[in-house]
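Shared between the two complexes below is chain A, which has chain B as its partner in the first and chain C in the second.
Now for the complex of A and B:
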């Protein structure tokens, strides 16, 4: 039961190769005069993997709050994903160098001539932006690390004291995350077009993080199971996970429609300005594929009971969702930054680089603790689930 | 006329273990009654249902029916432009969404009642009344040609696995 994971040297080399690809792509992007495109891609991928890590830890918190028994054996995976937040803090720092390329509101002269930006200036200004960034990351890292430490202590000491402490910390965490991640999404994504706002934007991004974070948790568990870990993983666990994805696909679709339908129906130019380049211009195909990939396909596919209990089918769904989140963020960022659409080596290379960092950090974190918690009060229930 | 052997248990863990043991001995269990949902018992008994498929079909039918109705009223029969919106519009979605759920649920409900021969005011006929409270029952069908020895063996097995009572019913 107590086996710790080992990272193979092949895996390490492959991930370092991916990171090298990423670094070379970014440098090449700057040298070939694609500065804005490169910054936009750095933002996209930074946000992408941050959202996945936060979504996974949010899922972990929900498990603790609902006192779920079935998932007790798998909590180490989202806990390890929480470690990426520390790396993400430093990766986001790079973006401050290119902040003038990305955000119109950071140009002082432009703000002075613009009544709307001037009105928003008390909130949208660089010093406060940086302060918020530090506070948000500090809160996330503190709370996720605290949950992890309590869980590791529980391994040694046992009892239900830590279980209750984790539950309390999780309750604090979901409230903190709901507010801070919403503001974070507004800061980093919605303010790309500072004249426009949608009150549901942050909720949609939150659901996206939750949805895709859960998907990645399941992907890691299935892959580890195929490598011989988690021998207790059975069809009931897979069924429970697939139900999570099924429900979240519906919530995501609901949020997508809520934002789009209201703006479409009201038809106010200040609001529709966001959708005009996305639905009428060259982004049209992405616009519809975002909905099909993230909602229609998982919704119809996971409805079939047999899919939810088949690891390979689930891996396929998750692969589609990985593309889906990328398309969603591409749709959020690119029309406001690079404007004309085209997928070049920059898009692919940057994503691979970030994927390498993410995988390496998670793998390294997974080796630091026993893969299955020892003294979780519901561990037995989780292992026996479905037997 | 069907005869059933009922083994009555007082604990769900004892019952699920009993199901395993009985099946290992080659006894076919036709059903289990329980006041609470039992995890995994469905798969063990190899029970099947087409009700979810029926619900899906009713839902699809409901969506199509609602769309047809909305299309007929606002495009064919009484085309009225308002707010510069197209006649065949996205605002159908909300009504379709709600009526799909409504039609799917109602038809499923009716199907279930018809298949189970239930109706309002039907008198409850329970062989073991406490299965709605705190007892669990294993149902084993007894064919008419079952030998007395075999029946005794099943009775003994039920007792052995923790049944507090074994009864036989006709219905």
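Now for the complex of A and C:
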């Protein structure tokens, strides 16, 4: 049970190749005069993988506070995903170079002529924006690393002391994340259109992170299982994971509806302005596919009991969800940045580059600790689950 | 496997299966205690006062209430939303805790579901009486119309409410009742009274506890539970849409549906906590509803309270962030400060701050303090609805029409009547139905309630 993971050189090469593709794409994007598009894609993918990492660690914290036993064998996967936050901090730094391309409110002269932006300036100004960014990342990294360290100490020393400490830290993390990630989403995504606002916007993004983060946790577990790890993984575990995805798909759809229905119904121009380019223009197809991919398909497909217990079927659902999250963020970002729609090599290449970084960081982090925690108090419960 | 070393003993006292049946059925066989009669007397008094309020409203009209042109929704809607919120706990217990596999719910879900039924009944009275012409109440149901081309307004969230709540009521009732069938059969087998044997025999639908019966029972429970889960969410989402589809500042905000649902479950859990502390004290159920059970509820309440607090802050922040002067006025001048600041701060302190005391173990372990905090939650959630309904209506876009609102004695009477109804319902439940799900407790008993040593497990 103590075997640590080894990274194969083929995998490493492949990931480095993806990263190279990403770097070349970004450079080419700037050189070919697609600066705004490239910045928008950098933002999209930065946010994409940050959300996945945060969602996974949030899922981990939820397991701790609900005292869920069944998942105890798999906690190392979301713990490893937490390491991406450190890398993400630096990758987000790049965006500060292109901040004026993305955010209208960063232009000082534009703000002065705009009553609403002027009103928001005490919050939406670059120094405060940067301070928030640093504080949020510092909190996330500190708390997720603390949970991981406690878990590793538990491996060595055992007992329930660390288990209780992890539970407490998870509570704090959930509290911190609820507020910080909400503001983070407002800062980096909602303020792309600084005039528009919706109270549920950040909540929806939070659910998106939770939903897709959980999906990626499951994907990694299934893939590792196919590579011979996690021998205890059985249909009951898969069923539990798929139930999470099923419920989260409903919650996600619910958030989508809450925002759309209420804005559509009240029909106030200040609010509908957000949906106009998304429904009436070129983005129309994406608008509907966002809902179908992220809610309707998983909802109907996972309702089928056999799917929830079949690893390959679940991998397929997760693949669809990976696309789904991209479409959601594409819809959040692009209509306010590049305006006219088209998918070019920039979109694809940047995504591949980030995926390479993400996979490499996770794989490397997974090698650093035994894949199955040794002394988790619920380990036995988790392994025997379904027997 | 349930690790009792870490998770603690779920049912205390090393009970056997027959101990469980005996303990839980005992209060039903005992002589009706004095406190029952006293409470029933008081509740009936409240109910009669409520009947007077009803009579007054129907015979004279809505004019007997303190409503005016602006504040057209007063106590009736506040109380309606409050009761509906309380009516969320039962199903939340049964379903959501099932999803995250919380075995401790088995001692509590029966009482929580019963509470749901009576709370929804109390809630349903308010929209009905609010119509004024109660005899036209059937208009709200989408039936084949015989009065010409007059249909319900399908665009109206008020109509969605009727559909959602009646569906929810039926589903929760069936779910609750079905769970009781094996327990009714247990009573039928144990009782010595011929009348009881007949009645509970009929209620148990001839349940004999055979394997096939259990198999179907469990399938039906899962199916009904699965269907009830979205219903819980839908009901309060739609209640929130009564407000949020409008353009009124303080009402129209996209966070309302989830915010209402969380608030509802929060208030429901608050009421469950109140009720459980009373029940385990009166019926000496401390082995079944242990301190650990109450501890778990308080933890959930802490979490919910944080969500509520975050939602309040989000609303305030967004009111400022929006830059809309109407939003700013409603939140800063008419809630945080202004005529309704008492209600606003009561809401904020009772829901967002006081439950945070549960972070301290000493507070969670002191049942008296826990009980008091649970009452604060019930109070705070009432004030939340007061803040939402009254503040936004009293001062809207046209200052010339601004008005204030005070409830009249009739409205207070109707409210107390519904409390009487709820309490009477709960008393009946205490008296005639096993208050803890016997069969479910037995289902988790073996695994969760004997202390195994570490060596056994590893």
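Just so we're on the same page, the second predicted complex is superposed on the first by the 387 of 387 C-alpha atoms of A that agree within 3 Å, B and C clash if a C-alpha of one lies under 4 Å from a C-alpha of the other, contacts with A are read in each partner's own complex, and residues count from 1 in each chain.
Here is the rule we go by: a residue touches a chain if its C-beta (ideal position, glycine included) is under 8 Å from a C-beta of that chain, and two chains touch if they have at least 3 such contacts.
Nothing here was measured: the structure is a model prediction, and the numbers come from that model.
Chemist: Is this a clash or a fit when chain B and chain C both end up on chain A?
Modeler: Verdict on chain A: clash between chain B and chain C.
Chemist: So, A:182: does it touch chain B (first), chain C (second), both, or neither?
Modeler: Only chain C is touched by A:182; chain B is not.
Chemist: Using the superposition on chain A described above, determine whether A:265 touches chain B (first), chain C (second), both, or neither.
Modeler: both
Chemist: Of the two partner chains, chain B (first) and chain C (second), which one does A:377 touch, if any: first, second, both, or neither?
Modeler: It touches chain C, and chain B stays clear.
Chemist: Taking the superposition on A as described, I'd like to know which of chain B and chain C A:305 touches: first, second, both or neither.
Modeler: first
Chemist: With the two complexes superposed on chain A, say which partner A:123 touches: chain B (first), chain C (second), both, or neither.
Modeler: Only chain C; A:123 stays clear of chain B.
Chemist: Would you check which partner chain A:71 touches, where first means chain B only, second means chain C only, and both and neither mean what they say?
Modeler: neither
Chemist: Which chain, chain B or chain C, is in touch with more residues of chain A?
Modeler: Chain A has more residues touched by C than by the other partner.
Chemist: Touching A:236 in the superposition: chain B (first), chain C (second), both, neither?
Modeler: In the superposition, A:236 touches chain B alone.
Chemist: Counting only touches as set out at the top, which of chain B and chain C does A:151 meet: first, second, both, neither?
Modeler: neither
Chemist: Once the complexes are superposed, what residues of chain A are shared between the chain B interface and the chain C interface?
Modeler: Residues common to the chain A contacts of chain C and of chain B are 257, 261, 265, listed in rising order.
Chemist: Which residues of chain A touch chain B once you look at their complex with the stated criterion?
Modeler: 236, 257, 261, 264-265, 267, 303, 305, 385-387
Chemist: How about chain C: which of its residues touch chain A in the complex?
Modeler: Per the stated touch rule, the residues are 1-3, 5-7, 99-102, 230, 233, 237, 241, 244-247, 252-258, 299, 302-303, 306-307, 310, 313-315, 318, 321-324, 457-458.
Chemist: Can you tell me which positions in chain A touch chain C when the two form their complex?
Modeler: Touch residues, chain A against chain C: 65-70, 115-116, 119-120, 123, 160, 163, 171, 174-175, 178-179, 182, 186, 197-203, 243, 247, 250, 254-255, 257-259, 261-263, 265-266, 268, 270, 377-378, 380-381, 384.
Chemist: Within their complex, state which residues of chain B touch chain A.
Modeler: Residues 39-40, 52, 56, 83-85, 90-91, 93-94.
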